[in-house]
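In the two assemblies presented below, chain A is common to both, partnered first by chain B and then by chain C.
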Partner chain A sequence: MSTPVLELDGVTVSYPRPDGFRGAAVRDVSLAVAPGQALGLAGESGCGKSTLAFAALRHLPRGGRLEAGSVRFLGSDLYALSRSELRGLWGRRMAVVYQNPGGALNPTIPVGEQIAEVYRYHLGLDRAAARDAAIGMLERVRMANPGRVADLYPHELSGGMQQRAVIAMALATDPELLVLDEPTTALDTTVQAEILDLFAALRREFRAALLLVGHNLGVLRRVCDTLAVMYAGEIVEQGPTAALLARPRHPYASALLGCVPDAGRGAREGRLASIPGLPPSPGTAGPGCSFVRRCPIARPAFCGAEHPPLYPQGPGRAARCHFAEETPEPGTGAAVAAGGSAPVPAPGAEAPVLHVSGLSFARGPVEILRDIDLRVAAGETLGLVGESGSGKSTLALLVAGLLAPSGGEIRLDGAALAGRSRRRSTLQRRAVQMVFQSPDTALNPRRRVGRILERPARVLAGLGRAAAREKARALLEDVALPEGLIDSFPVQLSGGQRQRIAIARAFVGEPRLVLLDEPTSALDVSVQAAVLNLLRDLQRRSGAAYLFISHDLAVVRYMADRIAVLYQGELVEEGPAERVFAPPHHPYTEALIAAVPRLDGTSAAAGADEGGDAADGEGQARAAGCVFRRRCAAAGPRCAEPPPWRDLGGGHRIRCWVRPGAGDAAGRAS
Partner chain B sequence: MAAPAVDLRVGRRARRMPPSLLAGAAMLLAWVAASLLAPWIAPHPPLASDFLALLQPPGPGHPFGTDQIGRDVLSRVLHGGRSVLAVAPAATALGLALGTTIGLAAAYFGGWTDEIAMRLLDAVMALPIVIVAMLALTFLGASTLNVILVIGIVFAPLVARTMRAAALVEVRKDYVRAAELRGEGIAYVMFREVLPNVAGPLAVEATLRLGYAVFTAATLGFLGLGAQPPAPDWGLMVAENQALLTTAPWTVLFPALAIAWVVVGIALVSDGLRVGQGP
Partner chain C sequence: MLAYASRRLALLTVTLLAASMLIFLVTSVLPGNVGRIMLGPFAAQDSVDTLNRQLGLDRPVLERYAVWLAAVVQGDWGRSLHFNAPVLPLVIERLGRSLLLAAVTLAILVPSAVAAGIHAARREGGVFDRTVSLLGLSVRALPEFVTGVVLIVVFGIQLGWLPVQALPPEGAGPVEVLRHLLMPALCLVLVLFAYVFRMTRAGVIEALAADWTRTARLKGLPPSVVVLRHVLRNALLPTIAVLGAQIGWLVGGLVVVETLFRYPGIGTLIQFAATAKDLPLLVGCAVAVTAVFALGNLAADLLAASLDPRIRHGSPRG
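This part shows the complex of A and B:
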């Protein structure tokens, strides 16, 4: 390997804490990235991975300070350079792509001009040459129709196209180092797959070394050669990506892998592992190993006192653990065994709790949902998947009565529900409750936990003051939170704790149906695993029906008994989870499944998706015929007609003309 | 290998209040205390004329001088603070109550309710406040209660705009959805769920309006639409003595300074609250 592009040696970064002291967010990190190499920084929120990435650029947020160590970029000490020398590097020899492409683009300037600006400022090209270069760059990031796109404003582009434009801007000067901070987190799965393919292709065309910061191990697996797993500001394990993920040597890395739901597995085949406890907050780590309190193999007396160094673990690998050879395999830790894995009883064929028929919703001329038919039985989980804008959250709001449908019927235990929540009876209201996506906004920040739980106990369950308090305590226990939190404000809780409170609130009135709208997408994987397990346990105890909405197929596969796939407001496939995940699929389902980045590296490209960006059809008038026609690789002339539902047996049905085709065994047009 | 030997501790820093908040609060406290204690600390009764000491410049017997019928300016300024103390907070409270209700309702209901409420408020705000107040007081008659009502009502649209803007962010949050889902009434959602979360902007708005209320009350007094002679009212005092501005400036200067004192004090508190809220 030649001289590294980036070399970090003993880097320690601190931030001021609210109490006036400074806490170390990154501690003693050393790493190197060679030209053309891609290094992934993995870890959960608060582990210091973004801070480390920005320290490597000498672009720390306000208050951040390099306390010790050095950063060398192409051999020169970055923190010894003057401001003007730094400006010569930023944007020219080192570039960044952020998580939210909408925020990185100036909304008042066409994207082509924003890229051309880079050429004019850094390379001194004149206006015409810079524009040509910008269009050329858009073409290199596989933007369809770059000449036209160059004249569009950011809001006229879909999320995926915006991110391509940002990447084009970052690569315009052919930088030596490209830092990618969660570059696909804000994107839909199919778009994410396209962007990841793009990175893989660009790595061959450009010389940039990549530093990819991410929490999704599947994403890192697709792009990076080497991986560094961070915990509490330290690198706890590093090594070649495939080898590290196949057999992690640090207990944290192993536990983290065990938390990740895999698209091939459902809850009936066993619970997800989860990591008990919370990571230490920055600057409060003790003298020993920072993972000691959550570690299944720790010798507390020894590990709590002796700080482990990075022990070498074979070629190119190292783990910060005294007992690395004892590290359990992912998914076999103590947490799994303790959780028990009694299978969820399969729901019977009784009358459905929720029966939605012919439901539609339109806002002005825009049809958001069209003719939706769904059933959910008691104790059953129906997973609802689809990309952003598919109308899945709207469906939940309609069932909850927070939006009034434009047509169709919603029945709860056979009785029709009024369109608006206010017009429903108290009994009906307590029977249908909802858990929202973001626990930060779902709890009133000015209310204590006790009050948040007592109010619904009084309003919905009609309890008196003392009984409501008692109920609140019982609910805290149900969601495995300490009773002491009852007087806390939401801001004093972690994200996972807040979501548990929101779940407890939904269960106050012993609901028949709980609507779960992306309940874990704002949480870290280890927390997500614990929350998913909690939801399964509550369902087993209460027999509630779940409508589980998610864009994450692996999570849906884990949670759902049956799955319904929604595309642009129409159902295209519905059936038992294991059947939906096995062919034959609807072409759209196929594209969704293919797009999921898998930990074993088997992910295919964005399969059937040939129509360019997912959101391309957005805002256009709905064409007659199959909704998926424009993006479908298998589409034929018949697809101009609305496709019929075809029954594939076992409750599995697909709305498609071409699948199952001649090659697929099951099913005839019904 | 031990943790890096870096001492990350800096001195514990006390949470400090913004200096403008402290200064403003001190000014206002001085005013409130002086107004409440006026009957005991004022050297003379506010209405008593000393015909042997007409238009005396500030001196040992009369620190602020006397006016043209020999009344002690200091005593009148001290007593004049009492009417401001009654009018401004009451008018502000009325304006806040009306404006908050309208603003929260417009934000919560949105759509047509919001459109209509906002256009009506625009129409009211297009009229100059003093002209509206003059018209109303001419019809209703000048009295303390009417001054409070009029100022309160003309302030409501301004408050409503601010509160609507603050509440628009909150009403979209899911805790409001959760309250609707358990069937809470409209008033509960607006005042018990949303209002506590816009308390910060409300506090800033309250101090801002209070300052304007002091100023508007003085203006109405100056125009003869508030307190009537011989009452010791700051605005009225400025009006009565404006002809003497060149010959006996102290008769105008001290009531004017008193108005400025209170308005600046309130502005400093308002500023301090805004800084304290921070981003």
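This part shows the complex of A and C:
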């Protein structure tokens, strides 16, 4: 075997903790990446995977320190180099693609110039030659119109184009090592699919070894040959990606896999597993196994005292578990049994709680939503999917009365709602509640949990002081939080706990309708699973209707009874979840489903998605006829006219001229 | 950029128009009987009426404003009652001196405070950062007549290095003029230093922590390139806005410093016009200072727009 590009041996990285001691964020990690190999680092936030990746570049954040071990890059000790020797490697032989391309590009410099800098400082090209090289590189990452894009500023590009620019910058000098830090997390699913395809193609053209940091196991599955799963700063399992995901040997890896919602499965087919408890914070792990307190197969007395080494588990595999052979299959651990539930009753056909008809919203000349018709019944969840900029959140804000519609009607239990929430009655305001994506910004950081819950109880439900406090305690119990948290501030809680508080707040006034705007996309998968299950439980108990907005199709599939697909402000498909996910569907829905990276590695490329980054439609002139025409592979001449709704039976309807076509089974056009 | 500049210029016209209206109202309408104010309580009613007629004060307000504005635009700023001379040349002479002092002040202030801010930000919490922050704030807490007197006593009298009067003799060369202006300028720098230093420091700290700074570093760019090309463009935006807003004060608000160093700038002229109830002169000074203030802000906005494309394109920062 040739020399590894990157070789980590017993790497331990520590940070100062608030109490003055140093805590290890990464503990005794050894790994190697060979030329042309792609290694994935998987794990949840705080597990040390990003710290490890940046330690491999010798770029530790302030206060971070390599306590032990060595990092060898192409055989030489990285931490023994001088600063200027290191700068000669950075950007030339080792490069990075970042999580948030919008933040990784300097907002005040045209992207072409930012790429050209690499050529100027590393290869000594003059300004004009560097610019030409930058344009050539943009072309190699399949950027349309590279000459023009080079002169644009980052804010003039869509997220996918920004990420292409960052990739072009990273690959500019054909580096030996490419570190990808959650490179598609901030992107839409269809754009993510394009970028993953791009990586696959570039791996054939460039020689770089890849180190991919990610929490999305589907993404890692698609790119990486080998996988290392991290927990509490340690590698707990490593091995070939497909084999590891098919049959994990560490209980944490198995539990993590069980938390991942799958686009082929709804809640009625079985509840998501979740991992109880929280990981130990850096440097507080006990002498034994760091997963012991959350492990379904642990022998606490033994596992809590004996730190497990990485036991070999067959060819190329190892797991840090004393009882690896007992590791349950994903989704079958004790955690699932604890949360077993009866199937959710299918909602009846009674009068809808929410009835939206002909709803439009325009900001100036830009139409953000056009002619939306929706119904949500009591106890039902309507999933609303679409890429960013499709108008999903705008729709929720209109229903909540935070924006006034420019046309159409919103009815709640048959009564028309005023456009603005301040013109609605207290009862109506109480009946419609909202949960936002980021609980960090949705909760007032200067109010204790008790105040946050009591205030709506007094204002909306009209309770007295004592009754409101009682209500707050009851709500904490409803969302499975200890009563002791009532006097905490939001910063003292974890992300999942904060979102539970935000959910509890929404349920203060026994709402008829809860608008959930990406409620779990800021959370880790294990936490997400628990929050999703909580939402299902609350719905079963309260009978509230949910409008569930998400860009994650697997999550929507798990949660929703019915799904509505939104593209550039228009509904293109609507129907029961299992029917929307089974063909025939609208070409856009097809592209969305195809773009989801699956754990079994079966994901097809986004075939219908010919238009690349056409998704950033805001501000663009709307195409006449079908909104999806420009990106649609199946589009024909008829698509220049607005397509009609076609009823496929069973409440499933799509708005398309070409689907279902002659070859589709259910071609019952109305 | 051109579209942004023309939009900004149009806005400037509106600002100046609104300000002129305000000045007109405050000085010509609100005081009530302008003739009585000018002539004092013991003047005969006849002469008050005559003066009011001469000033055109018996006509409707809007008409008076239009006539006044037209005259101002054409360069007829009226006659100073006290000096019995046209207002415009008087104002221009004083304004020129004030602008010179402001320019010298900025020439010392901007490089020193910005450089100190960058240096402090790059070693946040270090000895330099703490020392300069503390010293800057302490000096900021002293009023300028205290720092001014200390400067005069030390450099002017004890050491005898610098002249205590700021106004250079007729025909003095540029070096001599600078020597005279150095002390009042230093006095003003001491007032503004902490402000500009802290804005720069905060801006640079924020920009250094930004993801794109990490990108620039991990591209292998030398630290000087990272700071000068990547960090400063973004970090200086708030500092520029602050400086733009300070220019008006630097030019028109320096009664204390001008008095202390016997420098006949526009600040003391305003004070004199107000105490002498010389309304035409007061109006002229107010118009001039307003214009400087608006132009200072315009210059700051244009500079910021040239550094940040998002301002030019009118898109949100973030």
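Quick note on the criterion: the second predicted complex is superposed on the first by the 663 of 670 C-alpha atoms of A that agree within 3 Å, B and C clash if a C-alpha of one lies under 4 Å from a C-alpha of the other, contacts with A are read in each partner's own complex, and residues count from 1 in each chain.
Rule of thumb we're sticking to: a contact is a pair of C-beta atoms (placed from the backbone, for glycine too) under 8 Å apart; a residue touches a chain by one contact, two chains touch by 3 or more.
These figures come from a predicted structure and were not determined experimentally.
Once the two structures are superposed, chain B and chain C can be ranked by residues of chain A touched, with B on top.
In the superposition on chain A, A:M434 makes contact with chain B only, not with chain C. Shared-chain residue A:G408: touches no atom of chain B or chain C. Within the superposed three-chain model, A:H155 lies in touch with chain C and out of touch with chain B [touch as defined at top].
Shared-chain residue A:E117: touches chain C; no touch with chain B. In the superposition on chain A, A:R455 makes contact with chain B only, not with chain C.
Residue overlap on chain A between its contacts with chain B in one complex and with chain C in the other: absent.
Listed in rising order, the residues of chain A touching chain C in the complex are 57, 59, 87-92, 95-96, 98, 100, 103-109, 117-118, 121-122, 153, 155-156, 166, 169. Touching chain A in their complex are the following residues of chain C: 210-212, 214-222, 225, 229-230, 233-234, 307-310, 313, 315, 317. Across the complex, chain A meets chain B through its residues 10, 12, 14, 16, 19-24, 27-28, 67-69, 283, 285, 287, 307, 309, 397, 400-402, 421-422, 424, 426, 429-430, 432-434, 436-438, 441-446, 455-456, 459-460, 502, 505.
On the side of chain B, the complex with chain A involves touching residues 1-4, 6, 8-13, 173-175, 177-178, 180-184, 193, 196-197, 199.
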